[in-house]
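Below, chain A partners chain B and then partners chain C, in two separate complexes.
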Partner chain A sequence: MDILSSFYVFGGTLASLLSSPINILILVGASFFGIIFGALPGLTATLGVALLTTLTYGMDVNTALIALLGLYVGAIYGGSYPSILINIPGTAAAAATALDGYPLACKGQGGRALGLTTTASLIGTLMGILVLVMAAPWVAKMALQFTSFEFFLLALFGILISGTLTSSDLVIKGWIAGLIGLAIATIGRDPLQFFPRFTFDLPDLDQGLEVVPVLIGAFGIPQVINALRNKESLGAMQDFGRIMPEWSTLFKNRKNITRSSMIGIGIGAVPGIGEDIAGWVSYGAAKNTSKHPETFGSGEPEGIIASETANNACIGGALIPLLTLGIPGSPPAAMLLGALMLHGITPGPMIVVQDPGFLIEVTAILVLCSVAMWFNGMFLAKQVVKVLSIPAPIFLPVVTLMCVLGSYALGLNVFNLYMMVLIGVVAYFLAQMQYPISPLVIGVILGPMADENLRRALMVSEGSLLPFIERPVSILLLLVIALILISKTPLNQKLKDLFFHSFKRLKSK
Partner chain B sequence: MKKAIATLVSSVLITCVCANVTAKDRYPERDITNVVVWSAGGGTDVINRMITSEMSPHLDVNINVTNRPGGVAGSLGMSYVHKLKPDGYTLVGLSESVVASAVQGGWKQRMDVWHPFIVGGSPDLISVSSNSKFNTLEDVINAVKANPKSVKASAGGAGSIHHLNLLALANGTEVEFNYIPYPGSAPAQTAVLTGEVDLVITSLAEQQQLIKGGQLKPLAMLVANAQTLEGVDTIPSAFDSFPQLQKHLPIMQAIGFAIKSDAPDSVKNKLTMAFQKAIASEKLRTWAKDNYYVLSGLSGQSASNEFAFLESLFSWTLQDLGATKISPKALGIPKPADLQMN
Partner chain C sequence: MQPEQLIVLRRADIKAAIVIIIVSLLMIFESASFPLTDSYAGIQNAWYVSPALFPILIASILLICGVTLLFKGLAFVRAHKEIPVVRASQASRWRFVLLVSLISGMVFSWVPLIDFAISSFTFLFLFILAFYSDSPALQHKVLTIWTSVSLILLVLYQTSALSEGGRNLLDWGALLFAALMVGFFRQWAINLDCFTKWKTSVKTALIVTLVVCPIFRLGMLVPLPTEGIVIEKMVDAKYLIRDMWRGN
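Right after this comes the complex of A and B.
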């Protein structure tokens, strides 16, 4: 199909979709509910797509896709609201956004932060779509370079980078928190041979810990305890700040936005991982390349732009292997695969042959969804910021109730509530000792991936570690991990000082 | 007076009995619900929506499909339907993998609590990457014989139907593969594409896109019949080159629905009638052909036998893998060899 006819299909789809008022209603509605879903801790994009799938059975394919993709895009964006406003990420994907978003809200720039993330999310989604259309086959080929070895290293990398970025004093504290998360992740029957590990014969522990109660417990409970202790509200609200896009700030961040989008698309395209780590890697890249890394963590707009652009760019990335190989690139995309099958579409290499317009139709729908998200976001951000002006005695019980409901809703399992409280209390004391919480949660999320893939890799290589240094992508990841470790050790600091001192001495002579 | 009372009592009794009879005969009087134990969009869900929509015109009521996934191997949905009255107004949509629920601690019932209707399933086949050095099943088996455990095989998760097929293939040809477990069919197929493993066993429905797209090279069907696929050479049956496999295979998916086995016979008969008509319908045949499913149409005793066989096979295989919580012996599940077919 040449470019001209692609544009023709694209325009035709847009026109036919927009000509039906019901479609527009569904688009706006799905996007709105997606944002609310993302914003409520415990309700994730994956769960939203899963719930909506059943409702779309009676719709035709395009309408169903509008609803599902609208919700997906909205939910990934919506997670940033509670991250910024109350420092409790609505989804794991938005955890990195809290690092700079919450300090901005504390400075009274909550509205500005929300405005920036809204526009950054729009740009990220559009960039993802662009790559989906232009380069899908190549990106899919790249994604196939990832085997168990690379997946293990990628998981390790994700935990390390979040540990490195979030520590307020010693980097090693971040890594320790990550290791605690990894240890928690080993609870349950192991996924390869069903061996029970740390289950103490409790049937509830057989499946391991659910991520959602851990996420809510670790972020929500300490936040509530802190607010109660200090007898204050969760954020400060002096004024809104500007919500409409700040073109000058965005223009200054053009390199940041491009880089974050590419990171998001790349991570989205690799099967099995998605939005959760895209935000972290992109935030890390922004901090490390910044001229003033010390401002990150204290309300730096660059930080929230990086993480929010990347997690939304992930969507386009995750659809690439889904539509070209039938392999979902992220957990919500896996749910989307089920929804497509329900409508008699089996995504895979043959889809280009059987239904050449399908990819373009999906693109057109995604563009509509991201625009709907932006308008909804602009409208909602203004209202949502007002949440901060609610007095603490009313607001805190509501937040606590939300945490409880979110943990319970997933599996309707009371055991998850006990886990949430336990993890919350542990997290509170860790936070008091200046241990960052995010690496712990990332450890729990990526732990099963690291564990399963390392052991599978060793099964494949029959116990040999050599493939780690024989595979090109694996070497690259190993090098990056080694760089992170070395650059943060005290020895490196001493060497650096020594080098600069001798250099200065030479100069002064 | 006495006579009057006697007449009244007897007429009330007769009305009750008659009403009771007609109530059974009138089944179904209201809409039927089909509770699918897997999530929306999966193979079991799609097939249940398809068969029930074809059955409902023959029963003159709607059949609403809902999903109740979760628990262990579909135990949540099964327990829910099992607790309801056996009046035939609630069906349970299930697949062969639910038979492992009891040994994995999901619930305490055996498969004989159900009266199943089997729509069918997609046959399993063995495939390699398109750039693999293997061109036939014999190549693979000879390579493993020459160098035991040198060939890495994936087949979905440990204890899945595809894994059972792999084990049966290994037993029938007397070789041992290096089995690498993945959390599902899609990652297992991806592992062949990335070159992490040498071969994959999953169903034709799951592989067809990758085969037609030239990414996978099919070697042999693990059922008695060869398979044609447009744009690809006919895929031979593994039984052609290894006739001894007939003792171990086929192990086919059994997707369908069930009612409680203590439901009245009249209800079972009505459902069976509608089920047979739906299976014979043009729409279902076309859909099955387009999506590479083989229709079964088994119901009653023969379907119960099929589920009893699958229950025994799955439970004891999982027991051998150390993946059970309750031993099949404690549940009274016979070994596949001791299975009494009645």
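Right after this comes the complex of A and C.
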């Protein structure tokens, strides 16, 4: 399909969708409920798409896609609300946003943080869409270069980078938190041989621990205990300021936005890895390239923009392998695949031949969804930020009840609640000892992937470790991991000193 | 960070490091019992496909990190012996105990046994009142009552398989308990001059319960953990209204 006819299909789809009031109503409603879903701890984009799929059965394909994509985009963005306002990420994807969003809200700039988040999410989604249209086959081909070797290293990289970035005390504590997460992920039957590991003959542990109760327990419970034990208030309401983002801040961050979008799209395009890791990698890249990295973690807008742009850009990225290869790029995209099949669409290489306009139609729908998300976000931000004026002893017990319901809702298993409390109390003590919690959750999320892919890789190479240093992507990842490790060891300072001394000596000669 | 806080942190690091070392050693020990190179389920294992590989790898790195943390902590504490250790206040400890008791009581005792609407209301009312009133005397009272009732429920849940009639009776008992608590703490609130806070606690607990339960159960079709005398009636009412609407 040439560019002109693509534009024709794009414009036509937009016009036909916007001419129906029902479509507009569904668009706004789905986006609104998506934001609410993302904002409630425990209710994820995946669950939202799953619940909505059954309701879309009677709709035509385009209307169903409006509802599903509207909810998906809204839910990924909505996770940032509780991250910023109460330091409890609504979804794992918004965990990195809490690092700078919450301190900004504590400074009385919750409105500013939400405004920046909303616009950064819009830009991220639009960038993802742009790449989806322009480079889908190329990105999909690149993403397929990832084999078990790279998946294992990517998981390791994700844990290492979040551990390194979030440690406010010793860096080793971030790594320990990540390792604890990986250790927790080994509980249950192993994915290759189905052998029970650390289950202690408890049938409830056979399936391992679900991510949502771990996420809620690790972030929610410590926050509730800490705030009420120390009689802390929620973020400040004074100097609330405007919600519309300062365009100058966004313009200053143009490089950051572009980089974060590319990271989000790239990570989203790799099958099986989602928005969770994109936010962290992008936050890390922003911190490492910033002129003032020391301000990260204390309310730096750059950090919020980086993580929110990346996790929303991931949506476009995740749709690339989904639509061009039929392989979902993230868990909500996997749910979307099921919904598409329910409507008689089988994504894959043949879709371009069978229905050449489909990709452009999806693009038009995504553009509408992201615009609806922005308007909904701007409207909701003003209302939601008022929760900061509710006294913590009234608001946090309600949050606790939502944590209980959220942990139960996904698996409908009371055992998840027990785990939530246990992990919550352990996470509280870890947080008291200045261990970052995010790497622990990232470890639980990426643990099964790391375990399975390490063993698969070694199975392919019959126990040889050589392929790790023979494959280009693998070498690149190994180098980055080695650089992160070396940069945080005392050896790094010695090497730096040695280098500068030799340089000075050479200069004096 | 102040030196007094840092010394507390490093002492805690030493304790945490010991726990990490013990747990990682136990993990290695347990992993060693997984099939390594012998056959499992008719398949001959190689070390690189063994289910023990990843846990041993993780536990070994964790062990190294634990030992490093232990030495770092010991070195710091030895070098700064003269700095006094600051302990958390008694009141703060009590609040922590109350928080853990409220959350674990709700999850381990109330949720699996009592109708979710009744559990939610009781939990929210006592939780909000205890912390909103900010009275240590009231917090102690809530702690004693809530912990005792939760322990009784836990023993009941663990030791007996309740029939439907028994569960209904328990729900009525819990409802009576909730009503008694509201009445009992009303008098306390009047004596402590925080009647408005009592009123806010009752209102919030009631409104949140009345909004959250129908949204999850009827709106999102998520079954609640325990559905008894309130939730079941709510679901019945929904279908009754639906049938009336359809003219059946």
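Here is the rule we use: the second predicted complex is superposed on the first by the 496 of 509 C-alpha atoms of A that agree within 3 Å, B and C clash if a C-alpha of one lies under 4 Å from a C-alpha of the other, contacts with A are read in each partner's own complex, and residues count from 1 in each chain.
The definition used in the following text is that contacts are C-beta pairs under 8 Å (C-beta built on N, C-alpha and C of every residue); 3 or more make two chains touch, one makes a residue touch a chain.
Given the structure is predicted, the values throughout are model-derived calculations rather than measurements.
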*In the superposed model, does chain B or chain C contact more residues of chain A?*
C
*asked:* With both complexes superposed on chain A, which partner does A:F195 reach: first (chain B), second (chain C), both or neither?
replied: both
*Could you say whether A:L454 touches chain B, chain C, both of them, or neither, answering first, second, both or neither?*
second
*Report for A:P391: first if it touches chain B alone, second if chain C alone, otherwise both or neither.*
second
*asked:* Which partner chains sit in contact with A:V367 here, chain B, chain C, both or neither? Use first/second/both/neither.
replied: neither
*Look at A:I172 in the shared chain and tell me whether it touches chain B only, chain C only, both, or neither; answer first, second, both or neither.*
second
*State whether A:F146 touches chain B only (first), chain C only (second), both chains, or neither.*
first
_Footprint overlap on chain A, comparing chain B with chain C_ = 192-195, 459, 462
*Write out the stretch or stretches of chain A touching chain B in their complex.*
50, 53-54, 57, 144-148, 191-195, 203, 206, 271-272, 325-328, 335, 337-342, 346-351, 353, 411, 452, 456, 459-460, 462
_Residue ranges of chain B touching chain A (in the complex, touch as defined)_ = 39-43, 45-46, 49, 66-67, 70, 105, 152, 158-159, 178, 180-183, 186-187, 190-191, 193-197, 208-210, 212-215, 321-323
*Along chain C, where are the residues that touch chain A in the complex?*
9, 12-13, 16, 20, 23, 27, 30-31, 34-35, 40-41, 43, 45-51, 53-55, 57-59, 61-62, 65-66, 68-69, 72, 92, 95-96, 99-100, 103-104, 106-108, 111-112, 120, 123-124, 127-128, 131-132, 134, 200-201, 204, 208, 212, 216, 220-225
*Contact set on chain A toward chain C in their complex*: 51, 169-170, 172-173, 175-176, 179-180, 182-183, 186, 190, 192-195, 197-198, 221, 224-225, 228-231, 391-394, 396-398, 400-402, 404-405, 408-409, 412, 414, 417-418, 420-421, 424-425, 430, 432-435, 450-451, 454-455, 458-459, 462-463
